[in-house]
């Protein structure tokens, strides 16, 4: 293998740059050339390739976002456009690829690989932590700490005004960001899609807290919560508890950016290195993961379709620790 | 004067605790006793007074929120309840008061003072910076930096995805937080109530940027913007610019909390000291301010009713610096 | 078991308060009373016990340091004083204890327990991460991120001035903080006591970097590095490389404080809960750990004397990623 | 004027990039070309000029350090080398310059200007805030907040262990960083070169605090303190107060880096704009400053030689607020 490509796709996540840096430098260390594909599959179709050397990735380990950019690419769903992408890839002399992204990214890579047999290895880059085959995804720890920092700030004002705050956090269909930022933020309640919640339970918890001298409360609501979004749930709570001062805040896109935490930088670096080493070992169609501090390889098919369970012990913890 | 009271009222702001600390320690330095009134005017009516000594305010200079809490108090609008408050104040031996808060706080203090002649001095504590008689209010600099940190994070993701973000920030009827966080965040456009904006202007700015190779853009929208909130404006922008990927985020209550910045801690400390010294000099019915780095005293009446103008030069800056 | 005590001892670490909170609330959940011992073994001898309820530990999960304080206690090394401590503990009705600290803390607890058979469970609280029986200790992740944030700032100035910086980080005899902050910070070299370093190697790395267009460099030196401290090593480097602009900075005690990260808060919460549950199960003389995301119990004797190995793969990573 | 140059020189300061961005975009707005001189006077001699357009300065407003780098340049002290620099400047078609830096930078510019009459305007970029002609220098507010954040962390551990910490901060001959971070950090004592300190006073303050139930203390020592550095002063305090647990930490170079605060970004942007406008108005040999929120122009000669006084009221504040 003489030349590989690296690209990012799907929602950006802090640590993607650290991963790109690791891919580039590990490849160079093994005497392999690297090109970056700008804007993922869109750039592949357009032939937006840029050579990357050691200086190209200097001073980016601490930057949020992705220097290779990301973009939606509906064209890549059709065979004709994938053929065009393949031609561009072959013309550029690319013999293997590292794809950094989430579910959609790996689905695209898997199809492309089955059609054209370009060896591709994936690195899980998404703040949602919803990928099977790894304990943590790149960006998750940073997103949790960003959400936590916001919850700490909100608690200052909740406490000063004896208020109840419903805080909505990201995570798509998964409750990982919610449960971790909720426990870390000392939330009175965390609502996640993996656990059945009831509206009565919310009211009960808030009432119980008030009766037990808790003047304020924080309820963390995951984006994918089955009872509805934070506004809907808070609206019902206001009806049932008219004497409480209830507010809502949606943390939104701040959770995607910022300098990555140490954990995310190290994880991203290890994964980027392992991806290049996997290509060198002749592996393909696999996602790199870290489970119990060891590098593991999971077939794209499993990474995409298998469900990573949420640790239910954590939900129990919220109840005990907020008494 | 042998005993004074201090209280916070209205929306909480980072630095209020630093101000309380300064009031307490300056009073003790001059041999005066201090009591804290918990929950502002509500606590005054209820007689929620707590003695404060040097240790009471130890290790709070860095905390957001207010240790004396704040609360709405509709009762205080009626004479009967104010009479009750007055009786409680007199019973407690309180001879002067320091009120930390905003417009509403000073309005209450002014009426109370006119009726019962309890000397009261105000310290401007609000993140909105909308008070006449001071260059900065306590909490403003922290709120701006919190908003700025959020905008920096949003730019990471805006830039990675070539997106336009409408970011709504607090400030009630004033555009101070918007203009400062917008300039600091390198926003392409800042929309504030003090300046007439047009929907066409928004579209024009976004189009111009895209034509001039700006792949992403940030528009900061003040809470009080006359064209509508960020959702409304972004909705119209989406219609007019269907090819742009336009998102909205409302920073919400994170802007109220967090450890105060150096500027806010020093400002709050100076103001708290000056408030006690003003009481000792026999002053009353005035708000402490800092203008051109000097302590100034402004009658409550002016602080409440006069309008502080926004520096229009700053709006011009946004246009030039975002080209 | 009707009443337990909790205390912190040894160097403080961010997350100790989160652990105290979890101990208190888990005990209350199980109907057990809790007292806090102030200043560790010193407070035990002096009988400085304070009852803790749910409100006592409210709003502390985000605070650095330890609300129960910590202190050296040489008296506890003698049997007579331990007898006094025991009498105080029995008088207070304490039937079990949770000790939060490091090596020295557990050594004291182990001796005390063997003499007087008070069931004690330990929670590993130290920024150094040098305890056998757990993947992470409470405070480590926060200390790493604090060091990393400092290294990011130093890189700004290193890069602007084409300088070489030797940055000394904490960790006593262990290189964990150094290796993680070094990789995360994109250091050109990390020097830890677990790995033999040579002065020639340092010079070689700096020369190689300069020849390969690296204008600046960061060398992270662990406190326990066998070649000497950062000043000593930098001094020799200056002699050998007189044309380089070489600076030294010792991060010092900032690494001990600050709001704990999400990881530390959750880890501390889990460990505090597990410690109380272990006492309820009749366990004693064990340290709680989390290995591969599962709670494990390690006899004090092993936790104290066995050596946790540093992942050598991480040292190799530094070399590859800094090319 | 058709083409101007911008460069940074002296110690780097957060906000220099924001200033460069403002210079570039304001010049472009007025139809003027801009080149960046890399590494200040060194780059001028070497002809290291790089054209800057709007994109060149995109996404740098939030970055610490300086993208144009800085370097020592002893050659510039001799006429021959300045002649060479002048020839390079003329060859490049440069008709005016903006110099961002401190005392040394302006001294160089002043001499150069007197010899060759190239119009030059200075922007004060230094964390020390020691320049006459402006209330704040670029980078000062960020450095103060960085020092403050460190002091907050140190207080966590000081408080947990009942310790006294001597914290040394930067500032060269000026005590601005010390006094502001000291007041903001709630220090018990601040030692600055502008105010005579005595060793007895230090001991007295620490003793008084301990007698008045202060279990811990923070003493902030300015780099230029006339009684010696923090180590020296702490050493004497240890002798006089052997029962206190006294520690020292030197914050070092972390004070130079990091993302600039809102205040620094706005200040730098205003100054950069004003510098270009001054060149257009035919001004030269002046430093831009902001006094009482207004742009002012100070001749280099005054900026270099006049002394900006430290507000002594702030020193008095420390005594009162730490009782």
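Here the chain labels run A, B, C and D in written order, and each chain numbers its own residues starting at 1.
Following the convention adopted for this analysis, a contact is a pair of C-beta atoms (placed from the backbone, for glycine too) under 8 Å apart; a residue touches a chain by one contact, two chains touch by 3 or more.
Just so you know, these numbers come straight off a predicted model, no measurement behind them.
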Shared touching chains for chain A and chain C? none
Averaging each chain's C-alpha atoms to get its centre, pick out the one most distant from chain A. D
I'd like the Å distance between the centres of chain B and chain D, where a centre is the mean of that chain's Cα atoms. 28
State, to the nearest whole Å, the distance from the C-alpha centre of chain C to the C-alpha centre of chain D. 35
Using CA atom averages as chain centres, what separation in Å is found between chain B and chain C? 39
Going by the contact rule already set, what residues in chain A reach two or more other chains? 152, 155, 159
How do the chains pair up in terms of touching? List each pair. A-B, A-C, B-D, C-D
Chain C residues touching chain A - in the complex, by the definition given at the top: 21-22, 25-26, 28-29, 54-55, 58-59, 61-62, 135, 141, 144-145, 148, 152, 155, 159, 180-181, 183-186, 212-214, 259, 261-263, 265-266, 269-270, 273, 292-293, 311, 314, 317, 320-323
Report the residues of chain C in contact with chain D in the complex, numbered from low to high. 8, 11-12, 14, 63-66, 69-71, 146, 150, 152-157, 159-162, 165, 247, 249-254, 256-258
